[in-house]
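What follows is a pair of complexes built around chain A, which joins chain B in one and chain C in the other.
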Partner chain A sequence: MIIPQTRNIGLPMMNLMRFKGLPILQQLQIEEQLLRTSSENWCIINDGTNDPTIVMGVSGKPAELLEIESVLRDQVPVIRRFTGGGTVIVDNGTIFVTFICNKEAVPDLQPYPRPIMSWSSTLYSKVFQGIGDFNLRENDYVFGNHKFGGNAQSITKNKWIHHTSFLWDFDVRNMAYLKLPKRAPAYRSARGHLDFICRLKDYMPRSIFIDKTVEAAGTQFSLRSLKSEAIETCSKTEFCPSTRFLTNEELEAAAVAGQ
Partner chain B sequence: MIGRRLLQKRVWNSGRRWLFPSSLLSPVPAEYCKRHFSTHVLAAFSSPGDNPVNLKIPYTENKCKFFSSIAVAHLSTNGIVDVPLAQTGEGIAECELLKWFVHEGDEIDEFQPLCEVQSDKATIEITSRYKGRVAQVLHVPGSIVKVGETLLKMAVEENRIPLVVLGNLENEKHCDTKLNKDCTGGVLSTPAVRNLAKEHGINIDEVQGSGKDSRVLKEDVLKYAAQKSIIEDPSFTATADLGELFHGETSSSQVSAEVSGHYEDTIVPLRGFQRTMVKTMSMAAKVPHFHYVEEIDCDALAELKASFQTNNSEPGIKFTFLPILIKSLSLALSKYPVVNSCFNEESVEVILRGSHNIGIAMATPCGLVVPNIKNVQSLSILEITKELSRLQQLALDNKLSPDDISGGTITLSNIGAIGGKFGAPIVNLPEVAIIAMGRIQKLPRVADDGDIYSASIMTVNIGADHRVLDGATVARFCNEWKRFIEKPELLMLHMK
Partner chain C sequence: MALTVWASSTANALRISCASKPHLPLAFSFSRCFSTVLDGLKYASSHEWVKHDGSVATIGITDHAQDHLGEVVFVELPEPGVPVSQGKGFGAVESVKATSDVNSPISGEVVEVNSKLTEAPGLINSSPYEEGWMIKVKPSSPSELESLMGSKEYTKFCEEEDASH
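Moving on, here comes the complex of A and B:
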């Protein structure tokens, strides 16, 4: 995507990395490493992950959030990520978009959860202009009152990360692994998963969504595409991410403790 | 136009006495800032492209700043400071503590991460405001901590409380974060609110803050005072709430009222300095002001400052923009002495002051003060730098003398340090002009050949007494000052 040079003056640099089918654990570990060790701004897009995986927030309690018996029976991998927020089950129908920014990268943006959330919604408003009834409801991206994108953040001393999983498509059966969460946004109004969420594919083609997201990011940052080899060099350093799989033993112990 | 008579060698002090009473160390409350941010004056001046003044306290701003407010910890006698949960932003009432990065007994640096908390969707690193030692950790991972509740206690040496340098102009696009962190001791609040707490004999650290970042608002202090039966029958004043001016939005105070469930009115009698300010502002409001706005390209200024710093042979001297701006101002005043004058209403006389005593607004622990540098016309930039530093240090220590703060002939205000593109300042009577300088911002400019380039632009707003000065005079004066700033080599042409 060619952006006229004059428009780039004064825009902060941002490295853009695009993946397709990258395992979600690897994506999250890369993000965690970039947040903690890189001084640059990053945009990471993963167009679908490979296997269906459950991803919980940093303090998620498996017994409260998952149907552990089904999860163990079907050997669904469970990851605890480094950002806050809720639980999702992701697969190749999920599109991930992540922004990792220095605190000064976005002018006049205060590095707190709500301002960052609002900023992200203005970016995506450009993507979804004229399409559906796009909004940020509490912390979710919705069309009308149906959620299609979930957000999570982590804010450190000098940087912040805001990442989103978009439900371009999902398998209804996978939702059965997730319990109705105790902490839910008010607008959910106790709706079950299938009444609460919707599919982005009903609103926009996949590649168009990704292209428009890159275009929207390009209005605020000077994007520089990086090849994925660049990130492999990165992952050879000493950094040890906290994002990891939960073991079967941990899940079993959680199931027992939760009874 | 008003007819003028020159009356030289007449000491003009009486007009200033009400600002600085004989008990020198009384603070000038932040209501003084109203002379800079008065909304009714702003309304009187409008031009295309006017931007509303953004009056956010820069506790979280990471932009170029002109000066930051001073951090003073409210220590108990044994030097232990309560560190509350803050840095979470508006709308977050409580967080889950996820993990500690420090242990009891650890030595901590300022801005070192202390712990990680989680609220809803975000994990947030909480950093230390102080350099010190962890005395006591009050919560375990997994516990829910309310915003404003004490997270841990730290032992801090009084002389190690981070004190941010006053009155420095830094044209770095990304300022050192040290200058921009919230650095008040214990709780966040404005100087006016601290003053109010002091007046009521309240320890502000004991007050639960309901504002942004657990900031203690005026309402919090008054409610606390009511609870402690210090004030009977509290009710809010109907006058413009300074807290609103400083916090920029009224929603935060409304939300705080809802959160705390208190809806009673509170009466706040204005005493002492605040009372004097009512009179001062009323007098100043009678002065017919006009405002002149100009943009100044500060690229050359930045280069000059960098050159001073690189070739600095004297240790302990920090070069900033302000001394260069002050000296340029003085040279411009030499050409337009009427801008450096005082107006005597009773005798309808203008006194063209021989000395250029340039006042610099500074925020101190006790509020806003305006010490002035005497005889700038006879000082070199290096001498001005040293004198500025001396005054800043005295202001920090609250040891300015009556001589330091009287006799000013013109005032410079660094409104850009707090925020905003430019202010609409009100003259500091009996002076006839005041200059508010906004933030230096990188903006696109169009060159003669049509190319776009970026330049560091500072917007200044000169508030002037229209009984003495007319638009043309101020415009020419400002052009002269601008010339010296944009082409500092011209300063050499006029050096004696």
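Moving on, here comes the complex of A and C:
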């Protein structure tokens, strides 16, 4: 007699929450709160976000990274998130996948950036097996030498978060809000945005990607699906996230200072 | 001095990171994990070091930590006057794609921060025990130092941590 869930015995528990079109600020603030206040493991998938939004890393300097005049003219929201890494512009064509783990959740994994990045790539190798020459190139997910997924992390004393924004599709016009970053991976070879990135939709249907990601996570964790209402319970904890919108005044000041 | 010079050239030959400058007679021991560990400092299991010097303690992250983190590109430090607690975060370092909390090995009040790290965060990589110091603290409970590891204990801790992964 086959006992269901037998294969999950011994795997660490992970809560799985799936959203569709959740505003990216809300997603990031939920993640920051879970990282800082929850003792459980989490996988969060957000299938697209509602409005085009620029998201910078914790140390991002708007004057260096953004075409501020255009951003202000078109009132594109700008967020500074709590994790490291670069700048992206996200919209309903972006799929977000996040893992928040206790340090013991992945056996034999040292809680440092490179091992965590490497672990993530082995998980996604299962998702993209046989598809499009998938690889982790420096810190990006690529097909060949074209980036389709960007990563960022935050590591605390007892936990870590690794989150990814996948370019399932993107609007070419939105790339014009972003400058070429000073700090870029060597393999980019000074290529402009459109020569550097590619669309995941050219390789895999949207729902298949999400299903395969959940399946890959299920090989390492015992997944427990939670409804998004469960997050309200988490929100009752007193926590003030650092992730926030930058104000117009801050962007204007940055533009002036950068001249 | 002679020991320091010999150790430096040997370190170079073995490609071991060597934070000591020849004119500073700090003794250090090699760890098999090829990170430098200095005698005379105390170490936390979260890979911060503390040097207690009279009424002030200097704090930073170890060579083992900076090596595992990669190139540090940004450092977040507290303001002077802010309290710190043993084992709790007081700041963060960003290395490429990750921010990593830095925890204080002791409790006390921040009296000075290393402002050079704003323009030169890479000092944490190139000189984790000297120019890459992060904060200076007036300790509130000097006995906390006794709960920290000495150099030999920390060296073994690093070896065991690396071996188990």
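The working rule: the second predicted complex is superposed on the first by the 255 of 259 C-alpha atoms of A that agree within 3 Å, B and C clash if a C-alpha of one lies under 4 Å from a C-alpha of the other, contacts with A are read in each partner's own complex, and residues count from 1 in each chain.
To be clear about the criterion, a residue touches a chain if its C-beta (ideal position, glycine included) is under 8 Å from a C-beta of that chain, and two chains touch if they have at least 3 such contacts.
Please read all numbers here as calculations on a predicted model, not as lab measurements.
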Chain B and chain C placed together on chain A: clash or fit? clash
- Regarding the shared-chain residue A:156, is it in contact with chain B (first), chain C (second), both, or neither? both
- Query: When the two structures are overlaid on chain A, which partner does A:10 contact: first (chain B), second (chain C), both, or neither?
  - Reply: first
Notebook entry, point to check: Looking at the overlay, what does A:172 touch: chain B (first), chain C (second), both, or neither?
Noted result: neither
>> Once chain A of both complexes is superposed, is A:103 in touch with chain B (first), chain C (second), both, or neither?
In response: first
**Q.** Partner chain(s) touched by A:186 [first = chain B, second = chain C, both, neither]
**A.** neither
After superposition on chain A, the stretch of chain B among 27-35, 45-53, 81-89 or 369-377 that runs into chain C is 81-89
Chain A contact set shared between chain B and chain C covers 57-59, 82-86, 108, 110, 112-117, 139, 151-157
Chain B contacts chain A in the complex at 60-63, 87-92, 96, 98, 111, 113, 118-125, 127, 142, 173-174, 177, 442, 444, 452-454
In the complex, chain A touches chain C at residues 57-59, 82-86, 108-110, 112-117, 139, 151-157, 183
Within their complex, chain C touches chain A through residues 46, 68-70, 73-74, 76, 87, 89, 92, 94-101, 103, 161-162, 164-165
In their shared complex, chain B is touched by residues of chain A numbered 6, 9-10, 57-59, 82-86, 103-104, 107-108, 110-117, 139, 151-158
